[in-house]
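Each of the two complexes below includes chain A, the first together with chain B, the second together with chain C.
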Partner chain A sequence: MRFDVVVLGGGLAGYTAAIALLEKGLSCALLSVGQSSLHFSSGSMDFLRALPDESQVFDLEKGLHDLARQDPGHPYSILGPEKTLELAKKAETAFASWGLEMLGSLSAGNHLRLSPFGKLLPTWLSSKDTVFIPADAEGRPEWPWLKIALLTVKDFLDFNPEIVAAQLKAQGRATSCHMFTCPDLEILRQNPSEFRSVNIARVLDQESNRPFLTEAVKKAAQNADAVFMPACLGFNRPQLAMELSKEAAKPIRLIPTLAPSMIGARLNNQLQYQFLKNGGVLMSKDRVVDFNLVGDQDDSSGSSALTIERLHTENHGDIPIIAKDHVLATGSFFSQGLLSDIDGVREAVFGLDLVNVPESRSDWALGEFFGSQPFARFGVKIDAQTRPFLKGRVLANLKAAGLVLGGFDPIRQGCGAGVAAVTALAAAEAILS
Partner chain B sequence: MNPLLMTNFEACTKCTICTEYCPVSEVRPAYPGPKQSGPDGERQRLKDAAFYNKALKYCSNCKRCEIACPSNVRIGDVIALARKRFAGPNLSPRDAILAHTDFMGTMATMVAPIVNYVTNIPLTRFFLDKIVGIPAWRIFPKYSWTTFRAWYFNNRPDQTQFAEQVTLFHGCFINFNNPSLGQDSIRLLNALGVGVRLLARERCCGVPLISSGFFGHAKDNALSNAKNIAQALTKTERVVCPSSTCSMTLRNEYPDILEVKNDSWRDRMDLLIRHVYRLMEKGRELNFQRQEIKVAYHTACHMEKLGWSAYSIKLLKLIPGLQLTILPSRCCGIAGTYGFKKENSEYSQKIGAPLFQSIRDSGCDLVVSECETCKMQIQMSTGVPCENPVTILARNLV
Partner chain C sequence: MAENQPFLGPRDRIAETDVIIIGGGATGAGLARDCARRGFKCVLFERGDLATGATGRNHGLLHSGARYAVTDKISASECIQENQILRKIARHCVEESDGLFITLPEDDLDYQKNFLAACAEAGIPAQALDPEEAKRLEPAVNPSLIGAVRVPDGVVDPFRLTVANALDAVERGARCHTYHEVVGLIRRNDAIIGVKAFDKLTGDQYEVRAKVVVNAAGIWGGFIAEMAGVELKMFPTRGSLLIMGHRLTQMVINRCRKPADADILVPGDTVCLIGTTSIPIKFSDLDTTRVSHKEVDILIREGSLLCPSLAETRKIRCYAGSRPLIADESDLTGRAISRHIVLLDHEKRDGLKGLITISGGKLITYRLMAEMTANLIGEKLGSKATCDTAQTPLPGSREAPEKTLRKIAPLPLTQGAALISRHGDMAPGISAFDAGENSLACECELVSVGEIQHAVNSLAVHNLTDLRRRTRVGMGPCQGELCVGRATGLLAASGAFPPEEAASELASFLEERWKGIYPLAWGETLRESEFIMWLYQCVCGLKESDASQKTTPPDPLKAAPDLGAADKETQA
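Moving on to the complex of A and B:
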């Protein structure tokens, strides 16, 4: 089967690259072995939160230039701060035109979001129904509300209101806790291990349960400036929190829960919808099992490029998938884009060259769990056109994007979604040029 | 090898992504959901069969959980295998009627006009609803007066003129309810220079038997079909089938659930539309007349599992004038005979509601799907006709 481009991986990076290419009129297929890490993320998109010297970033443009000096192997630094900035702005416009309603912008700098434990975290873009707190130039919160009501679902375990309330109080917010349930939730709760955010949202999104929701929200809003709820509503109805805000005449805002994340899953589905709407061909639950390279494989100088001629996948068997260009966006260990075993670490599809993998296995991880883990920086090596390498040789018709790349720590540096979006658009640009 | 060991159920990370995508959990909070019914429940069932939960029968076997799972757990298979091991025999006469499509079809076809009339008069519908447990508003598939096989053996156009031959696995729906799809299949293959044979003997693929818990009978069918397919493949290069569900069953459920080996022929059993694509890639040509029509493509659950909707989409785009919309992939709710059962029927319509809405929103004249029960459900619930892509391609040949 022939396409202009085949994208491997259905996460933020894969969909972003694919939709950008479809919009330019290229035909595009996307293969994915399973759902992406968006389902576990906060649903806020982080761009750059901290530098290697541990300083926090709020002015993103300045942060990128500091990063280029301190961390030249970071994908942002490889693309260069100017290019990164240009692509990130493009991403903001693209996301908006794809119907992802996000607040925040590069020019305004990082704002603050709440973690599931109520901690304030700097971030780039947040869905418009989540708690969005502007920050001043030093990163101090500029709270729009003083009195906050925390409204939770009874016996929901992936969100702890007491811990969040304590954090909010420490921020000088007068916080009250409220709880509600409804008969359908009581049925769902009989199965405690499935009483999770998205499953609850699918119940609360139903019109028949709206009266319970409205009543609970109105009650909680009575003596508050705003109501915060764990993100377990609005999965199929992204406007639900906004509609409730109108009814209660107070802002109703969501806080991400522990995984699975309703906000992240919703982003994933919105991207998939855009992909299909633009004519993309989705190949779910499929993976490359074999590929064919052309070019002088034994070129000892290593100067000539190799090209991928065709792919063979599990579902398509003897019918090859043939594309002029390819994007690898298969994620990291979590999504199995990178694999590790006793012999080492490898990129799962092509066995591409990796960066930052120490010789000795004992150097892969630190004893301190929350420390800056070396394995977080493992990943595929790219050049400024996002082209990866195989045994030192450039693969001319392959680009790599997102978490499969090496050289950055998405958690410590707070840059996961930003790297995915920027490198995906860089890959699309490289293909189009 | 114990088929359970092939389901990878130990790889589950407890992420619950499967439940997010289970169409039954969405509308039926009392269903424990794929994670609990599948890998979680399995660990308990391995200790003690008493942990088997009867609610597992609410699983429609759509396999959407498996497609979503990031850890490659074959959850639907874990559930089907648990039902096979623990559910015990199904003694419901209604389920027997619904499940034995080939026997019922043979009987009904003999008296088709009577059956078609009788199954739709109010008194019968009342009886079916109250006593048998098939809801009164469900539209029954019409039975055809002659079977497809009878037509094939008596009236088919000459197939020996073609140097190349394939074997058609037609399935029960073509044979008893919709012979015209069988005829369209022949027309399309003939236009590509390929003659069509049938299996010496074809039984129901077994999918309705599996979903109603008649695993023994399903296995008998599978063994018989496997033998006949292997035999046919000594004379023709491939066995092809227009139905996504029959194809998925022959290719996947035989080894994975029924423990009937198919490795000697699995790669040569193909969805008809994929074989058409294969022939065209080899340079065979089809010429289509122009038709100004808005078509919406629905990815049936088992089509999603096969991963082959791309072939249908590519081929449909060859018809000049045809405007194609790809519907978001969602279960239509019928899941074979699932929606015909009264205890499931309300949920069946709830599951399908978002799909029906997207069909209406698309403003299409026609829905296309490779699944025969999706066809029934979509036509009944939206009033928009639904056809197999084979039919659209065959009817637009010049």
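Moving on to the complex of A and C:
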């Protein structure tokens, strides 16, 4: 099988790179081993929440320049603040054209999203049906609503309205808690382990359950400026919250729940749809098991480049997959793009060169849960064209993007989605040039 | 919910009682039970939750005594005697797994002969097995073994055991106050007549008078003795253990040799443990025991010799406990450590009336220690009441599980079995016919919403860590992933803490759990850790300021001086 490009990894980075390439007329296959980390995300996209010195970021352009000084090994710094900015703006336009209806922008700076525990967190893009709170230059919330009704599904365990209400009250919001159910939910509830966000959304998205939903929303909205609900509706009908808003004549907005993330899963589906619509070939539940390199592998000077000639995958057996170029977007440890054992860490597919891995295992993790963990910074080394290295040699027809990259801490810096989008577009550009 | 719910409380205060017990480990709770059954009024004060000290920080091995048969005859016969008793009175806390003592090619097979003879002498049924037979019984055992002996070792859940004792004590009128620290003893002339207790949940301090005060504070007993002005020479020795994410064996596996580091593998519930190391530590390090990377390496190396698949199995957690080792008073140099039960009547020893210390011993001999102490209390109170704790089953063990199974609500089979394994005959009061209550909060350990609500309402659960000890939420292979987020909401809804404190409760729990995970951050554990950090820090936005926000009142004992340096000479 021959393609212009093969993308390894079906998360935000993989799909972003693949769709960008398909739109330029390249043929593209994408291998995905399973659910991407989007399924476990907030559903908002963080670009840069905090700098290594722990200061919070609201002006993103300034943040990028500060980051370049504080952290030259960060993928944003390797690409350069100007290039990063340009690609991030390109991502905003691309996402909009792919039908991801997101609010927020780089030029407006970070806004605030509401977490499952009611915390306000700076973020870049949020789905338009989620709670979006503008922030001023210092990051203070500019609340559009005073009276908020929290409406949750009875016995749903992955969202606790009282905890969120306590946080909203601390924010000076008058908050009330409401609950509803319907016969179909009562049936789902009988199974002790199936009452989770996406399953509930599949029930609530059904037209037959609409009257229950409308009634509950209208009731909750009576004495409120807005109704917040856990994100367990609108999975197959992304407009549902907006339609309910019209019916209740009040904004109905969603708050992410504990995993699985309905908003994240929906994003993943939308990306997958765009990919397929543009003619992409999806090889799901498949992984690379072998590859062939050409070039002088024993070139001790390290000056000549290596190229990937073909890949073999689990499902395709002896049928090789041959592509002119490749994108590695397999994610970090969680997605198994990076693997570790008691003796060391390695990149899962090619064994690429890594950055930031200390010699001794005792230096991999800190003794504090809340700290910038060294292992968070482990990952693939790239150059400014997102090309990775194998034993010091450039792999000419491979680009790497997203969380498989090293040199940054997506958890503490809140930059996972931003790095994925920006490096994916950088990889696509490098391939197109 | 059933009418006669088991209940751990009440939290109301009284000013006077017969007996005050300091320490809510197995010994303290067992003593409260024994006292209450003899009709002595008693109050137990525990500075944290039940079973937080050495009681909950060991193998959970129901010793047959075989481990001590060669080196310590007294301990060996105490163990086998209590082993047989606990199988009867605490069957919902005990798993009758049996154990193997294996001889490897590098061990001396002659030791096995001495071992068999010593077991026979101590009354421990021990049966030599052909190596092939041993491999058939326990396929995961090191196949290169050259000898094996089968003994009646078993597994005991120390949390369940301690709670069951406390429940029986409270049922008989005792008071059990957790999160109460004894910050001072009240002395009149040559007698201790009460204690000053500090309620950590409310910040109140108050006095309670008693005829007898018992120091059952384990390794912290040295601090209590110091308050009384008597000397207790204690040698804190840290033992570290490692938990694997699977149950590798059905039986306990020991090495048939002189006891050494990391030579006991104990299966329990869904996991198994290897331990322990043995390192003398300073008193100032008692509350901050972390396991080093070096200890982890030793545990894996030695554990793999018992069961080779242990090397490749995911390690989910490590932890350490301090054995309450106390100086052997018969040794004049003061350097020898007693491995036996130490019951000190400070009236006879130091001329100080009203104070008794019970220390040393083992988890499995807790009942015997309680009986010995209660006998001495009886003498002092002039009571002739006798002990019936060896014959009377504990709450939870009063009826056969098969019988209990018929009384619980129709739950999925595994869920019902998990509930009965944790609560024994108390399960029917917890299972419900309501779908919401049967909904699972923790999928690893099959813990339902109803079980969590029960734990908060009736089992003195004040935070996520207490909940873990009562229900195993967060104790299974995931080590507290989505379940703890759900449990936080349920605890807040049940009134364990106000919703404003939910974030700080969860953050503190995650910080505490991490101490046992970070030395094992590789492979699947690193992967899981990245996910948990991602979920709670990135998605939920919890911060270190949440963890530090949790206001625990200052610990008056933290300022206590180092009572004994961990010199080399204290090494056993």
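Note that the second predicted complex is superposed on the first by the 433 of 433 C-alpha atoms of A that agree within 3 Å, B and C clash if a C-alpha of one lies under 4 Å from a C-alpha of the other, contacts with A are read in each partner's own complex, and residues count from 1 in each chain.
By our rule, a residue touches a chain if its C-beta (ideal position, glycine included) is under 8 Å from a C-beta of that chain, and two chains touch if they have at least 3 such contacts.
Predicted model, so just to flag it, every value in this text is computed and none were measured.
Chemist: First (chain B), second (chain C), both or neither: which does A:Val33 touch?
Modeler: After superposition on chain A, A:Val33 lies in contact with chain B alone.
Chemist: Is A:Gln373 touching anything from chain B or chain C once the two structures are fitted on A? First, second, both or neither.
Modeler: Second partner only, chain C.
Chemist: Applying the touch criterion given at the start, work out whether A:Arg202 contacts chain B, chain C, both or neither, answering first, second, both or neither.
Modeler: first
Chemist: Of chain B and chain C, which one touches more of chain A's residues?
Modeler: When the residues of chain A touched by each partner are counted, C comes out ahead.
Chemist: What is the contact status of A:Gly11 with respect to chain B (first) and chain C (second): first, second, both, or neither?
Modeler: In the superposed model, A:Gly11 contacts neither chain B nor chain C.
Chemist: Quick one: classify A:Pro230 as touching chain B (first), chain C (second), both or neither.
Modeler: Touch status of A:Pro230: no partner.
Chemist: So in the superposed three-chain picture, is A:Ser193 touching just chain B, just chain C, both, or none of them (first/second/both/neither)?
Modeler: It touches chain B and chain C both.
Chemist: Looking at the overlay, what does A:Gly337 touch: chain B (first), chain C (second), both, or neither?
Modeler: A:Gly337 contacts neither chain B nor chain C.
Chemist: Quick one: classify A:Asp184 as touching chain B (first), chain C (second), both or neither.
Modeler: It touches chain B, and chain C stays clear.
Chemist: Determine, under the contact definition given at the top, whether A:Ile411 touches first (chain B), second (chain C), both, or neither.
Modeler: A:Ile411: touches chain C, not chain B.
Chemist: Using the superposition on chain A as set up above, list the residues of chain A that contact both chain B and chain C.
Modeler: 40, 190, 193, 259, 336
Chemist: Going by the contact rule at the top, pick out the chain B residues touching chain A in the complex.
Modeler: Spelled out, the residues of chain B in touch with chain A are 14-17, 19-21, 25-26, 29-30, 32-33, 35-36, 40, 66-72, 267, 274, 277-278, 281, 304-311, 313-314, 326, 328-329, 354.
Chemist: Can you list the chain C residues touching chain A in their complex?
Modeler: Touching chain A from chain C are residues 290, 293, 300, 411-412, 415, 435-436, 438-441, 443, 448-449, 482, 485-486, 488-490, 492-493, 498-500, 502-503, 506-507, 510-511, 513-515, 518-519, 521-523, 526-527, 529-531, 533-535, 537-544, 547.
Chemist: For chain A, which residues are in contact with chain B within the complex?
Modeler: By the definition above, chain A touches chain B via 1, 29, 33-36, 39-40, 184, 187-188, 190-191, 193-194, 196, 198-199, 202-203, 236, 259-260, 265, 272-273, 276, 279, 281-286, 314-319, 335-336.
Chemist: Note which residues of chain A are touching chain C in the complex, please.
Modeler: Those in contact with chain C are residues 37, 40-42, 46, 115-121, 154-155, 157-160, 162-163, 165-167, 170, 186, 189-190, 192-193, 195, 256, 258-259, 261, 332-334, 336, 340-342, 361-362, 364-371, 373, 375-376, 410-412, 414, 416.
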